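Both of the next two complexes hold subunit A, though its partner changes from subunit B to subunit C.
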Partner chain A sequence: MKTGLLLILAGVAALAALPFLLSQGLLNAAIQMLIAALFASAYNLLCGQAGMLSFGHAAYFGVGAFGTVHAMNAIGGAGLLPTPLMPLAGAACGLVFGAIAGWFATQRTGTYFAMITLAIAELVHSLAPHLKGLFGGEAGMSTMRMPAWGFDFGSTTQVYYLTLAWVLASVGLLYLFTRTPMGRLSYGLRENSHRLRFLGYNVHGLGMMVFAISAMFSGIAGGLQVVSNESANYVVFDPALSAAVVLNTYIGGVTMFLGPALGAALMTFFGYAVSDLTQSWLLYQGILFVGVMMFMPSGLTGLIGTTGRLRQRIGLSKLLPVVLLSIAAALLLSMGGTFAVELLQRVFSQDYRALARLDPGNPWPPVTLLSRAWSPASMATWAVPVVLIGAGAVLAWVGRRSLNQAVEQTVDQGAAT
Partner chain B sequence: MSDPVLSIRGLRKAFGPTEIMRGVDLDLLGAERHALIGPNGAGKSTLFHLISGHLAPTAGTIHFDGHAIGGRTPQAINRLGLARSFQITNIFPKLTVFENVRLAVMRPHGLAYTFWKFIDRDRRVREETHRLLELVRLSARASTVAGEMAYSEQRSLEIAMTLASDPKVILLDEPMAGMSNEETHYTAELIMEVTKGRALMLVEHDMDVVFALSDRISVLVYGQVIATGTPDEIRANASVKEAYLGEEVSE
Partner chain C sequence: MDQIIVSLMNGVIYGLLLFMVSAGLTLIFGMMGVLNFAHASFYMLGAYFAYTLQGVIGFWLALVVSPVLVGLVGVVVERFFLRRVHHHGHAHELLLTFGLSFIVAESIKLFFGNFPVDYRIPASLDVSAFSVGGAQYPLYRLLMGGIAIAMFVLIYLLLTHTRVGIVVRSAIYKPRMAEALGHNVPLVFMGVFGVGAALAGLAGAVAGAFYTTNPNMALELGVMVFVVVVVGGLGSLGGAMLASLLIGVVTSLAVAVDRSLADLFALFGAGDWATGVGGLMTLKVSSLSATIPFALMLLILLVRPSGLMGEKG
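After this line comes the complex of A and B, so read on.
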């Protein structure tokens, strides 16, 4: 517990120091990471803690965003709602819309609940372009950050600190919520809502309130994005955003409170860093998600817990080689996989096909990758990913075997003593 | 004895063309222990489902403490003071034993939609939770994940959760299923103790327990009560012997 608190304090200090360390571009990416982290934490209240898998959470993010745009344009940063408090408008809109949508969605559970959330999100998504007054049509709506409280909010640094303050406060509140009676009940809702009924609880009302609270914090995230971008477009209702928050949450891991936030920050950073380098970012995101779900269903943060338990069980000296082997295997597999994906992507691209048609004598012109030319017709080219993936698979197999041996040994020792 | 706290008249339940309850009349008196016995498929669990609000009756009335509760929601019936346990263990399997009982204790303390105070700080809830855990001999297991306990311990946990709301009427559906002799003995004594001053309706297959524990016994066969009486009367009843007890002996 002590070390956990220290880690969190260190993390907060590092976040506070970021503007002194990063370029403007990276600081902008950090703002997006923080917003995605808050959105994923809000989503996890519903999905991870209360066990309600929503497929349409972009709706509440988007409603919060447009609520904030309208508030900023109407109030202009004066009076009771100056710029730093603008996300409150997003929170209010998220809460109200979440309560209405939640009333319908929580009438059912499981698959039916997921379908209703999907339908509500699609409804908003297809309605939004037609309501030009409300959502600004194709062009979207723009706004301005007005100075308040002695800040002009003209620099990325000031926007970063504003976002950081909101995200820390919101995630802190979401954590405190888990320790209140209603927060505990949300776990009961996930585990066995049927039993809760026979303990005298109104399960529908409870589910609706958890839904509304989750939507409220999603609305804050949407509002923060508007404060940062000074605009909102109906694209925020896109199903891709609903999907991204599900993927981020599960990649980060739903079993730990901060898992979804870390997962979302990581994936947003990768998206920012990698989307310039490759056209296949969505494919990588998908592969990563499938890989995490297949091999570590408790997510990336769940891996920390698993490693800790293994350390207690087989000792650090035996665990260390396994960890090193696993990291090496993961690196080799991702290198091989990336190489193969990029090569294939280039060979199958329109440009390449056009290039090949230009010169009928040479149907497989070389492609450039890692500032080298590779011939798709040569065996040596394909040997690279094959060798990388093969070596990674061998290392993974060796690592798994030595882990199994170490575990068996401790079991034998346990039996002997 | 006192007036009936639970009064069932002409209760019927049909699933499509199949009638499970075929006109049940039954009274549960204010402070009696009343066992419900009958062969498998007689409708004992269905009767519990109808009383506790899990199912709505097709016809007939259920009066509890002056309220007509037939067809009301489970949470409404629970709040009136009627709590039940389940034949198939029905707990929060991935939460700790302490957390399981605390969830049951919170509601009677008026903590349901509260998100402005910390649950750990509430001394009354904590003490009541510990008291219940001690009662069912699970204090040592407080921090165990409930789903990882032995089946009989989960049955004890069910009893603790059922008692949490301090109900007027308790329905226990096979509380001793899967328990050892010693555990059955302890649980029988526990049930005797905790049901002082309240009414109990019990479904149980262990006939020794039923006859030792009950003030009155009702025999349910094919959705109808064929006899109600004291243990001695039931033992002596010819039609009961034929329909149920004789069957047990011959097996």
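After this line comes the complex of A and C, so read on.
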């Protein structure tokens, strides 16, 4: 526990020091990472802790965002609240809308619940463009950050600290919520709601409250987005945002409290970092998600716990080769996969086809990748990803086998003593 | 009047199309308890496969081959993905199919680009069947409706009048008992999953030529198909048929209504007040046609949570 606390303090200190280390562009990316982390944490309260899978969480994010825009534009642009408190408007809107939507959605559980959340999100998404007064139509709505409390909020640094303060406070509150009796009950909702009902708890009311609280924190995330961007568009209701938070949360891992936040921050960072390099980032994200769901259901942060348990069980000396093999396999597989996807993307792109049509004598002109020309017609080009993926698969298989052997040995030893 | 007839026919045929996709989805749900998020992706794959193949083997053969290919994809998904995570529970399976739908959509964008492709019905079919009040009614729409009805009859007969149908129904109703009696239930599951995917693929191959074929078609139709199965009752084939027709007709008729809620209030003398309120009140019903199915779904869940013809609570 003590090392955990120290790690968190070090993390907070590092986050506070970021504006001195990063450029403006990267600082903007850091703001987006913080917002995504808060959104994923809020989502995880609902899906990870209470076991209610929502496929429409963008609705609450968006409602919070538009609530904040309206609050900032209220009273002739002066704003309903001082700028640092603006996300409170998003929180209020998220809470109210979340309570209404949650009342509907938590009537049912499991698959039905997921479908209702999807339908509510689509309802808002299809309605939003038509309600110009509320959501600003195609153009969206813009606003201005007013100076308050001696800050002018003109620089990215000030916005970053504002976002950081809100995100830390919100994530802290979300953590404290899990320690309250109601937070504990939400685990019961996931594990066995029938038993909870049998014990005399109001399961529907509890589910609705958890839903509303999750929506409230999503609303804060939406509000922070508006404070940072000074605008909101009905695109925030897009299913892509709902999908992103599901992917981020599960890639990060729902078994640890900070897992979703770390996953979201990591994915947002990669999305920002590779947006110039590739057009297929969403494809990689999808493949990573499916890989996580197939082979490590507890997510990337869950790996830490698994490794720790294995070390206790089979000892460091036997675990180390397995870990090294796994890392090498993961590297090879991702290198091969990326190479194949990028090659395919270039070969099937519009530009390439137009180029190929220009010169009928040479139907497969070479493509440039990693500052080298590769001919799509030659076997050698396609052998590169095939060899990489094959080698990765072999390493993964060897690693798995040696892990199984090591575990079996310890089981045998345990039986002998 | 003529316009209403045309709208009705369009709605029925759109409903039949929805049924072609939702039939497989609801069968798979009834059997395995997993709602396949990637089901509408099979519909999209059917359209893109047919588009790719029609240049090589012609439109009609492509209509036959692409559902078979999609069915094979479905078999792979069931055998190598869903079955491996089955022990983690239904939520996990739902999430996995969600991820797969994401991969399919992004792969389509990778291979065909993020824009509609030029998949059209052949010129020989692009003729009108008859005319209603001066408007020509396309033959191809009737063909789509006919294929859907033929499919419904075929599935119905297969499930109720053949030995295979009995095994499938028993595997859906009591999988453990069917297994204990010596039937290969995993094989049945794989088969039904493949057939369901192939049906969605057929719907895509047929409808993709008439409507647009683009990387978003899975999402657009998919959400509507979920509405259909929830309204009809998860696991009920008859319910899926009823709900498909209902939603098809309602959305199609709503497009033609040039009225708003304020007009309704005007009947009671409160028109000016409603116009003053604005927002939802003054929106035309026609612009709400995409919203109505979702409102209908919430209404159904409120008054009859198990759906129109559903039994499983």
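To be clear about the criterion, the second predicted complex is superposed on the first by the 411 of 417 C-alpha atoms of A that agree within 3 Å, B and C clash if a C-alpha of one lies under 4 Å from a C-alpha of the other, contacts with A are read in each partner's own complex, and residues count from 1 in each chain.
Definition applied: contacts are C-beta pairs under 8 Å (C-beta built on N, C-alpha and C of every residue); 3 or more make two chains touch, one makes a residue touch a chain.
Source: prediction; values computed, not measured.
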Contact breadth on subunit A, by residue count: subunit C or subunit B: C
Which of subunit B and subunit C A:111 touches, first, second, both or neither: second
Which superposed partner A:280 touches (first subunit B, second subunit C, both, neither): second
Which superposed partner A:3 touches (first subunit B, second subunit C, both, neither): neither
Which of subunit B and subunit C A:368 touches, first, second, both or neither: neither
A:341 touches, of subunit B and subunit C: first, second, both or neither? second
Contacts of A:199 with subunit B and subunit C, given as first, second, both or neither: first
Partner chain(s) touched by A:413 [first = subunit B, second = subunit C, both, neither]: neither
Doubly contacted residues of subunit A, that is, touched by subunit B and again by subunit C: none
Sites on subunit A touched by subunit C in the complex: 51, 53, 55, 104, 107-108, 110-112, 114-116, 118-120, 122-123, 126-127, 130-131, 133-134, 239, 243, 246-247, 250, 280, 282-283, 285-287, 289-290, 293-294, 297, 341, 344-345, 348-350
Subunit A contact footprint on subunit B (complex, rising order): 52, 54, 73-75, 78-79, 83-84, 86, 90-95, 99, 102-104, 106-108, 111-120, 122, 161, 164-165
Residue numbers on subunit A that touch subunit B, as the complex places them: 176-177, 179-185, 187-188, 191-192, 194-203, 205-206, 209, 213
In the complex with subunit A, residue positions of subunit C that touch it: 29, 33-35, 81, 84-85, 88, 90-92, 94-96, 98-100, 102-103, 106-107, 109-113, 219, 223, 226-227, 230, 234, 278-280, 283, 287-288, 290-291, 294-295, 297-298, 301-302, 305
